[in-house]
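Each chain carries a letter (A, B, C and D) given by its place in the written order, and its residues are counted from 1.
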Amino acid sequence: MESTANLPTATLLVSCPDQRGLVAKIANFIYANGGNIISADHHTDVAANFFLTRVEWQLANFNLPREIIQAAFGAIAQDWSADISLHFSDDIPRLAIWVSKQDHCLLDLLWRWRSQEFRAEIPVIISNHPDLQSIADQFGIDFHYLPINAENKAAQQDRQLELLLEYKIDLVILAKYMQILGAKIVDKFDSRRIINIHHSFLPAFVGAQPYHKAYERGVKIIGATGHYVTADLDAGPIIEQDVVRITHRHGIPDLIRKGKDLERMVLARAVRLHLQNRVLVYGNKTVIFD
Amino acid sequence: MESTANLPTATLLVSCPDQRGLVAKIANFIYANGGNIISADHHTDVAANFFLTRVEWQLANFNLPREIIQAAFGAIAQDWSADISLHFSDDIPRLAIWVSKQDHCLLDLLWRWRSQEFRAEIPVIISNHPDLQSIADQFGIDFHYLPINAENKAAQQDRQLELLLEYKIDLVILAKYMQILGAKIVDKFDSRRIINIHHSFLPAFVGAQPYHKAYERGVKIIGATGHYVTADLDAGPIIEQDVVRITHRHGIPDLIRKGKDLERMVLARAVRLHLQNRVLVYGNKTVIFD
Amino acid sequence: MESTANLPTATLLVSCPDQRGLVAKIANFIYANGGNIISADHHTDVAANFFLTRVEWQLANFNLPREIIQAAFGAIAQDWSADISLHFSDDIPRLAIWVSKQDHCLLDLLWRWRSQEFRAEIPVIISNHPDLQSIADQFGIDFHYLPINAENKAAQQDRQLELLLEYKIDLVILAKYMQILGAKIVDKFDSRRIINIHHSFLPAFVGAQPYHKAYERGVKIIGATGHYVTADLDAGPIIEQDVVRITHRHGIPDLIRKGKDLERMVLARAVRLHLQNRVLVYGNKTVIFD
Amino acid sequence: MESTANLPTATLLVSCPDQRGLVAKIANFIYANGGNIISADHHTDVAANFFLTRVEWQLANFNLPREIIQAAFGAIAQDWSADISLHFSDDIPRLAIWVSKQDHCLLDLLWRWRSQEFRAEIPVIISNHPDLQSIADQFGIDFHYLPINAENKAAQQDRQLELLLEYKIDLVILAKYMQILGAKIVDKFDSRRIINIHHSFLPAFVGAQPYHKAYERGVKIIGATGHYVTADLDAGPIIEQDVVRITHRHGIPDLIRKGKDLERMVLARAVRLHLQNRVLVYGNKTVIFD
């Protein structure tokens, strides 16, 4: 999972209908240009006849300048009907974290960021409540308090979108935002760039108060799900899930407490996978190359 | 979890509205009559003001003859509005296993039974397909083939009920029966005496083809659920659940294969808990004293 | 697991050789004095003929004043050769956290403490390195930097013991202290009041660099262990353990990163269990009444 | 993980010091000869500068006849100092299962085999006790009873080796054989072709009676390990491990009972991974391409 830490690498993600020779053509492109592959992972969905790959190679001694790699590879793949993306490990992605009143996911992400578990910049935190301003201050991050009500909803969505542009945000993380994201945002800002943490094992307990519902149903295990956000509530492609056992001795406050630990672990893993370009969305599903 | 294996014990299950002194009164009843408690577990649902307990004691040197214990305790508990049941470890419960075509849960149960993981008699296997007759023969168990179709459904339900009476069945185990149980059976035969294994992490993927649905939804974890059967499909009180991780590399056949292992583990645990009188149903939930 | 949050309760822990009537006598003591039991859990080790129990009851309307409960119960139990301890939920225990350079366990504990997952006071942090002073400052906790070397070792142990007395510490938490605790401290300060987190699945990989050893051995799962500290390195009674899967793709830095999450979860659970008086030590083992 | 079930495939495993172009050269070899890659997985151990890969492709329309593929590829890889092996999915491997008195792992393997979870032939079961003869009979498998004592040990080892040759065995599975395998067998029969199930989470509790040792140590989790057998007891490369939680309520018989479930799951997974040629041994570790 680890690259040799300091040397810059390129990561190429390709998804397209399967055909003979794809692995060879991609590997040749890199080899022929002097690249040293440090990680290559492929998946073929045989039923759907669909191919997905992630290849990472060291840029040192690679013949092609960065700015023409995508075009050069595009020429090779022009007949593949491929979805292609290219990332450089020293391009640092910019994150916006959206929160409400709960601090556990926010703090956990910020700790990991400061410990360099994530390579990213976090210029802005957006919230519909003022409560977590002091955490933003402590980490030196801008904090925008945008309260939402029935009247200002549309206007605030516009403001939110503006902020994403202003701060040149690559990834939005809903770290217990507890609001349904405005349709306009999902629409305008690529939904594959918005990650949410839902406090249940989806598709069980969609929507509000999943711990209360889990308690009512008497389940023996609760979960959390990190997923991309789409227009349908809690229905986007799942990136990561995890669970923990509970018993009849656990009341709703215990479920909430245990759930917090799940939420922060699962969200952190989903964000890390995304930032390392290890997630390919495919239909409403994900392929995780970890 | 282990009793001293060979000495007979009594197990008393009590559930009732909470009040001061219940633990003391129950413990006194046993102590005053010379019983030695080997296991006592209580649960108070503070919100619902409800008390549930399981107490097990050695019958050796107990002053009261078995046949009057329930009445004697009933006298003490007469004002408690309690649900009381009493079990003796040397009363061997009689099981009927219902199957369809798949053998993995059946074989697993029979192997555990023969290995004395379960203390029970298994006089009959009932199926809507003839396929597993040979397994019944091998273990010396009666096999009744009762095919079901639209016309004979009601008549076969009557026949099923007759068999439960004929064989004096205490517990029905639906070991991948793959049919919705007739309402009449759920109605006439206490639903707390019918255990089903559902091949999903309930309440996700209720009903048919949960592995196909899980595959479609792109979940990262699949599960299985052992539960009591009620009139509502897959909605009865949950006894046990477990899960296993999957990835994009796992197609539907892999989910089915991995699910089989989950199903037999979870069903076996649910059955064992029931047979050891460790499950108290309470509303639509269970308290598991293990 | 939850008490009715605000009403004070008493918790009685008793361990002694088993005999008939213990459950009844303890329950009677509480009932006869007007106490309402909200949680009672017992364990009999049949092989060792040993009995352990934890009983918690509401103090409201309890007839005995707090200061005589222990003596009054002691009179009843005088012939039991029992180890007895009594705790009141509104007596707030005082913790000292010992750290070295790593902040993840410290931050996690402090966050849980501020979120009221732990009911405790944390007046002091002790470290052999100055690095985490700013965290102590941020939470308003005294920080004592006591560097250790071959010459000052004995003197610093004395200073550490003094601090424990000065701050009236009830529980020491070694939150990645990374030093072997001085024998004098283990000796003078009850070892059942010192909790350590070891970054392996004990008894595998005792001592230094367990992640390096795990990597070398090629294990497929790594773990962490929360345990009481005894004179023998990493050999004290285990309170809690957990594990996480790894693959060949994970290098030592990945093991360390994944291990950090395990360490903070496991340590937090061990501390919480201790603070709720749910841990009874018994030989070199623990009984956990959760 | 699934191949298109019925079409024959070739699987090539290569391990060698890393160098530029390996992925490209391997993929080209297959593509240039008309092969359609259905699965390709690579791993580079950056620290050790070592490369390992598993590539599987459909043989339909592959230009090279099977019998010359290895030589043809060998020509390409002649300067790589590579360890190369080639497998065809319709070459059915032949297994010998070695048992003692316990039946759970044996039965589990045989069930899976009959359900076609494993593609293999199982012509022989070898045991130092006669107890499981009837299971062998039931599945139509030869059973050889070779009792071992101090006098006949060397002679029986020779007989065991003879049987492996006679039955043309590709893989030996020690399914609770409970004996240390003779050094001669480990020596003469490739140790990468002998899989053992050890009933602990290695390296904890090496050797005899791991459940007793786990009980004594008071661990909160027990495990099982599937590994290749080497001359050092329980020290061979680990293929698969899993764990299950226990509590103070579980005595040694419970650990044994719960452990049985772990043992059969872990052994079955290890065997399946081996049979699908997904395990590469590397030093004393494994790379698992699943």
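Heads up, the rule we're going with is that a contact is a pair of C-beta atoms (placed from the backbone, for glycine too) under 8 Å apart; a residue touches a chain by one contact, two chains touch by 3 or more.
All values reported here derive from a predicted model rather than from experimental measurement.
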Quick check for the class: compute each chain's Cα centroid; which one is farthest from the centroid of chain A? B
Which of A-C and A-D has more C-beta contact pairs: A-D
Roughly how many whole angstrom separate the Cα centroids of chain A and chain B? 42
Indicate the whole-number Å distance between the mean C-alpha point of chain A and the mean C-alpha point of chain C. 37
Two or more other chains are touched by the chain B residues 2, 46, 249, 251
Okay, in this complex, where on chain B does chain C touch? 2-4, 20-25, 27-28, 30-32, 34-42, 44, 46
Going by the contact rule at the top, pick out the chain A residues touching chain B in the complex. 43, 46-47, 201-205, 217-221, 223, 237-243, 247-249, 251, 283-288
Chain A contacts chain C in the complex at 1-2, 104, 107, 111, 115, 117, 138, 249-251, 253-254, 257, 261, 265, 290
